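I have a structure I would like to understand better, so I am pasting it below and will then ask my questions one at a time.
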């Protein structure tokens, strides 16, 4: 080993690799159930499937959480709150999307209130299929997320950070204004 | 050789000079008060320590006799130091007083009075200077927001001083002398009466249970420097008299072997305990920061009383130490609140918020002050509270112990309320232009903080001084090896605790700064469970801070209703006499004359 | 110089002033000046006029009456000087009053005392008629005459028992004839009540409120200051040298204690400044007579001096204030001192001295009273005095705070320079005497012996 | 009070009092009556005095073929558990109706809701024009039959393009 | 001076030992609770993973007081842990391990966290801090009364002294049963376990003071929580279960006490804050005072 001292970049990668090991083993999900698929999460926590043995547990606030679960259809108003919460989460953060409604609007594709493509507005790392995916598929989704973290491809938050303007533009097109000012939020 | 009489006279002279000067330019007058109090403090400290303060009196015409004692010197140095520290604030507050010249005069006269009290050699001198302090400090109060508290203060202080006068005269009628040692000659019933009366005097001045009602009113409404001087300095007169009453008089009474104390000392301890509990409960619910600190000084007065009542060398050192620590801490806290008042014109906690962003230095001073007040290790308050706990446990006084623990934990609650609601929290837009405290105000704040930090880490010097003081009352010194203080059932080494605390903080700070830097984020960008909130007031929690706890006990203590009723009774009696005896009808007089004569005739005489 | 001039000159000038009204006031001033000069030159001793040693008019001048004369004449002169305008109409009456006052202080004959009492009473009625309250003056007239009538009755009874009217002889004859105390009770009680009306003791002082409530500066100072002091001094002389309060002492003590308490408590409950001051005056006089009744002469005299000085300051300033602002409600007088600080300073010093705070003369007086009371083991009485002065302190502080600090708009009143100077001198006097009272205490030391010595000589002159 | 009165009695009671266009006994605990526009307020006030204190629901049905809106007031009586639907038909083009807040103050928000989703204007209810649920909505009121939600969705929200066509176009194999 | 430095190092070792001990036992307890709910429960080192994961994330900061408060809190708590005796022989500062140091240095930790939580500007944090302080007022006084009895009976307030006393004449748990019960309740309050978990209440105030912490601040506060739990439980062990003469005995007692507390907490709901205050000032305080009077004044 000619230059014993590692360059700064190498040091950083060392840190991130070590970090990834821990981030993979203990993932905290944000208790924010945006849609109907959220009903499947309690089963994943109870004794049959026991999400805790994967190191996963619910956390109350976005600051503390690592993964944001978007469970089910995503209405216009919920997306505004979601973008605000997503930006409050501490890096590196991941998004897991449940069900078809997130992919192409699902059964609500023709509704005036539901968005058809979530990855246009927020970076998604893992999709879990099934209109209300059963707990096994939920657990599979989480293990997929762990693998993604392991081979460092769960980089949704980096994309969001790098091409932020594209995401912001899309959000403005769909929502009009993300931080809404009206009679109830003067 | 510097005579005490010279100190007292020169302070009075400085007062008159300040009056004359500040008729034209008040600011210069207040600078004069700074110089005068500096002079007094430095003279007392310098000459006092190498004890060549002489006490013979040749200028003051009559009655007044001084004597130097370590006991008096200890109090004099503390109080003059507090006056000196607070006087830095005078120039800034002088312009919104109605009579600035009178303020400077009375400020220095109060100082002279307190010095006189501490060095008095007989009771008449003590009473003269005690009364001077009463009426000069009384005239300082109405310069603030309200006039009414002045009368309350006068009534309670005069009750105290008249009780003392009666005791003094009573001892004179028995022993024939006014000397301070005369009261220890008494015995039996008369000793008990003098003991009670002097205790009443101490209670009234210290703000203990039955007579604490004036403290929040006066300290809440009087101008800020005055309330700081009251809580830091003038309250210590009560401690001085309580010391004399409890330690010098030994009335015949039953000895309770369960608590190892005489009955009357135990009663004083119980009153002290009640003061602690009532003071803490009331302080927790106050919305005005100054009233809160007033109740806290009442509760700390309770601590001092409990410590004196136990009268063992540990508890007395604890009392002396607590007087010093409380004086420094509560004056620093009051002055910090004075800075906030000076900048934002209000001390209501519910209206303020986010002061740390405007005045971080004042925040740090207030933080150090409340650490000392709550009795947390690196600061002075911890050692005095530790000593008092050692004594309480040693005497196995359960009820008083419950009250002291409740007080020390409760003090943590009420000192934290202004810190969280007034200094921290959201940065309210209405205080946008508020700046840090001006430089001259910063000096005393920093000195006071360093002072309480110093006595917290290295207690040796203070304990040596208080050992000398206790020796005067005939108590053995507190044992000190070079690190630890030998308590009743354990040793405490302040420097080790402070250094270990420092080490812990340094280790964690290193870890903190190794880890990646965190991203700066504004205060409004917080978790609001998804809701969009744009106004700071909505996100600032400061109004009724301990609401769930306050619901458990009544707002107005019973005792203040009793006093209101007494006042009403006196008024009624007055109206009764005016109605019956001062009418315009002459026949009433004739009726009374006839009545008295018939009484005479009907009597056994004829 | 013979002390009888003190009485003769004012009477002479009174008759002269009746002849031509124009010279009345200058005559008054001259008479006052002469009297003040005379007071400082007369020598002590017993003087009888016209050789009737047993029955005629005889005057006694000793340390006690000297001090009384000095104080009363000086204050009388200053009152007249400071209220020149109002004096114009009353100068003859004032001359007569001056004669009566000097007579009361000097006389050694009981009947003579009654005569001077009547003179002073009549001039007092005339003076109070000035403040346009006819009913109050009438009330004062009725009670005054009833009082002096009772005094006369008591005098006659005493004369029938002892056979002499000479004050110095009464006590020795009582001792010689060993008259039983029980039948002495009635005359002394009657005389006590007679003087009690003038000395404003509780049950007999319903006239005080009417008279002093709307008196201007002159009348209030005269009634509450000069006349009250004279009556107190004569009452004191009687109580210490003549009266033998055997069995009636507890009735007397009760009356005096109740007076003190009632005065203070009534002042506490009243809302107008003049009312506060008059009730406090009643309480003070109650205290003075109480001290005399207990035989404490020196504290009583010191209290009288302190009282007359502070009453002078308080009543003059209040009179000027009420004339200036046309109201005496304390609420509407708020902050009145902020405009004229000097007068305010004098008023504050006077009230602080009345309360008895250190650095002022009142404190030395209170200290003296308490030490002497305690040396007599009067525990309950001193407790009462302390409670009473606590109440007194409260309402004075409440008054001061209101007068210095205003909430609403502030009324102003003009005070001419002379009044300011005089009140200021008196205020400074209070402070100086408060700090350095040696000269005063020395002059008072000899008073009790001299009084007793007059009796011891069995009046042989 | 006439409680525990079954729906037949209630209907007959209403019939002889008001001119009911049509009556529909939906079930044991539900009655529907149709009345003309101008006596809606009197009927509602009368029924309220009878005990139907609660306005459970105010909604609107869009009969696009007839070109009519049908306002439905569903009221409920806690003592006599019968739901009454008071229906009335109003014009579909610029629909306007008087507010019933004088009878049922709770109708304030229902009218606002109906206005937002159907465009019905309610005179006398000052803030019925304000936005309630939809945040800055810029199109036709969405629940009107002639509003094409799919077109709106395609226009506003990005759709996911699929290269292969998975729809089986009318069941062809 | 070298002795002081040596004992400082031992102290740091004790603090580190305390942290690792409590984190492992915490992990084991999560497994035990899992087993209780008929599920596997996380790995035993899950707590370590959580803490290091939190330390590795990139945090946000609301200003200097937000960071300074965290440093002061964790520093204070580690300082307290440095004084804690493990067994009667293994103690960093022999003779200076006074009971009151623990009570008051714990207060420093509480003050640091409270300060930085209020400094974060979130009202939920301030409410959480208010509840934590009120609860401290509730559980502290009965605990202190019981401890007085112990100090008075054993004659010394240093923990090693109390340990020797108990080894000599029987555990206080047996000789002062009422005190033992009251102290256990206060322990639950101190640990913030379920019946008295008013200030971390996730459903009501979104984990109270911890609402604005993420990344390294959150990790450090977890470290603080672990060390504080270590102090409180070992304090309880030393005061009531006769301390330990060797490490194994200490570990066994520590594990039992913590597990029992944890199991109890997993069966309970959550009190409202004024219920907690009323609860502690009714029976526990009365019993503690009665016992004190009975033992001391007899």
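We call the chains A, B, C, D and E, going by the order they appear; numbering starts again at 1 in every chain.
As a working rule, contacts are C-beta pairs under 8 Å (C-beta built on N, C-alpha and C of every residue); 3 or more make two chains touch, one makes a residue touch a chain.
Here the structure is a predicted model, which is why all the values come from computation and not from measurement.
S.K.: Chain by chain, through touching neighbours only, how many steps does the shortest route from chain C to chain D take?
M.R.: Each step joins two touching chains, and the minimum needed here is 3.
S.K.: Going by the contact rule set out at the top, which chains touch both chain A and chain D?
M.R.: none
S.K.: Please identify the chain lying most centrally, where each chain is represented by the average of its Cα atoms.
M.R.: Closest chain centre to the overall C-alpha centroid: B.
S.K.: Would you mind checking which pair of chains has the most C-beta pairs in contact?
M.R.: Among the chain pairs, B-E has the highest number of C-beta contacts.
S.K.: Farthest chain from chain B, going by mean C-alpha coordinates, please.
M.R.: It is D whose centre lies farthest from that of chain B.
S.K.: Greatest Cα-centroid separation from chain E: which chain?
M.R.: C
S.K.: At what distance in angstrom does the C-alpha mean of chain E lie from that of chain D?
M.R.: Measuring from centre to centre gives 60 Å for this pair.
S.K.: Just curious, how far off is chain E from chain C if you go by their C-alpha centres, in Å?
M.R.: Taking the average C-alpha coordinate of chain C and of chain E, the gap between them is 78 Å.
S.K.: Would you mind pulling out the distance in Å between where the CA atoms of chain B average out and where those of chain C do?
M.R.: Roughly 45 Å, centre to centre.
S.K.: Could you give the separation in Å between the centres of chain B and chain E, each centre being the mean of its C-alpha atoms?
M.R.: 35
S.K.: Provide the list of chain E residues touching at least two other chains, using ranges where the numbers run on.
M.R.: Counting only residues that touch two or more other chains, chain E contributes 58-60, 206, 211-212, 215.
S.K.: Let me make sure I understand the interfaces: which chain pairs count as touching?
M.R.: Between chains, contact exists in these pairs: A-B, A-D, A-E, B-C, B-E.
S.K.: What part of chain D is in contact with chain A in the complex they form?
M.R.: For this pair, the touching residues of chain D are 130-131, 134-136, 138-139, 142, 147, 149-150, 152-153, 156-160, 162.
S.K.: Give the list of chain B residues in touch with chain E in this complex.
M.R.: 258, 354, 356-357, 360, 363, 367, 371, 374-377, 382, 385-386, 389-390, 393, 396, 398-399, 401-402, 405-406, 409-410, 412-413, 416, 419-421, 424-427, 484, 487, 489-493, 496-497, 499-501, 503-509, 511-512, 515-516, 518-524, 526-527, 529, 539-541, 545-546, 548-549, 551-552
S.K.: Residues of chain B touching chain C in their complex?
M.R.: 61-63, 98-99, 124, 127-129, 131-132, 134-135, 138, 142, 147, 150-151, 154-155, 158-159, 162, 165-166, 169-170, 172-173, 570-575, 577-578, 581-586, 588-590, 592-593, 595-597, 599-601, 603, 605-606
S.K.: Considering only the defined contacts, which chain C positions touch chain B in the complex?
M.R.: 135-136, 138-139, 142-143, 146, 150, 182-183, 185-186, 189-190, 193, 197, 202-210, 247-248, 251, 255, 262, 265-270, 338, 352, 357-359, 363, 367, 370-371, 374-375, 377, 379, 382-383, 386-387, 389-391, 393-394, 397-398, 401-402, 404-405, 435-438
S.K.: In their shared complex, at which residues does chain A touch chain D?
M.R.: Interface residues on the chain A side: 76-77, 80, 103-105, 109-117, 120, 170, 173-174, 176-177, 180, 182-183.
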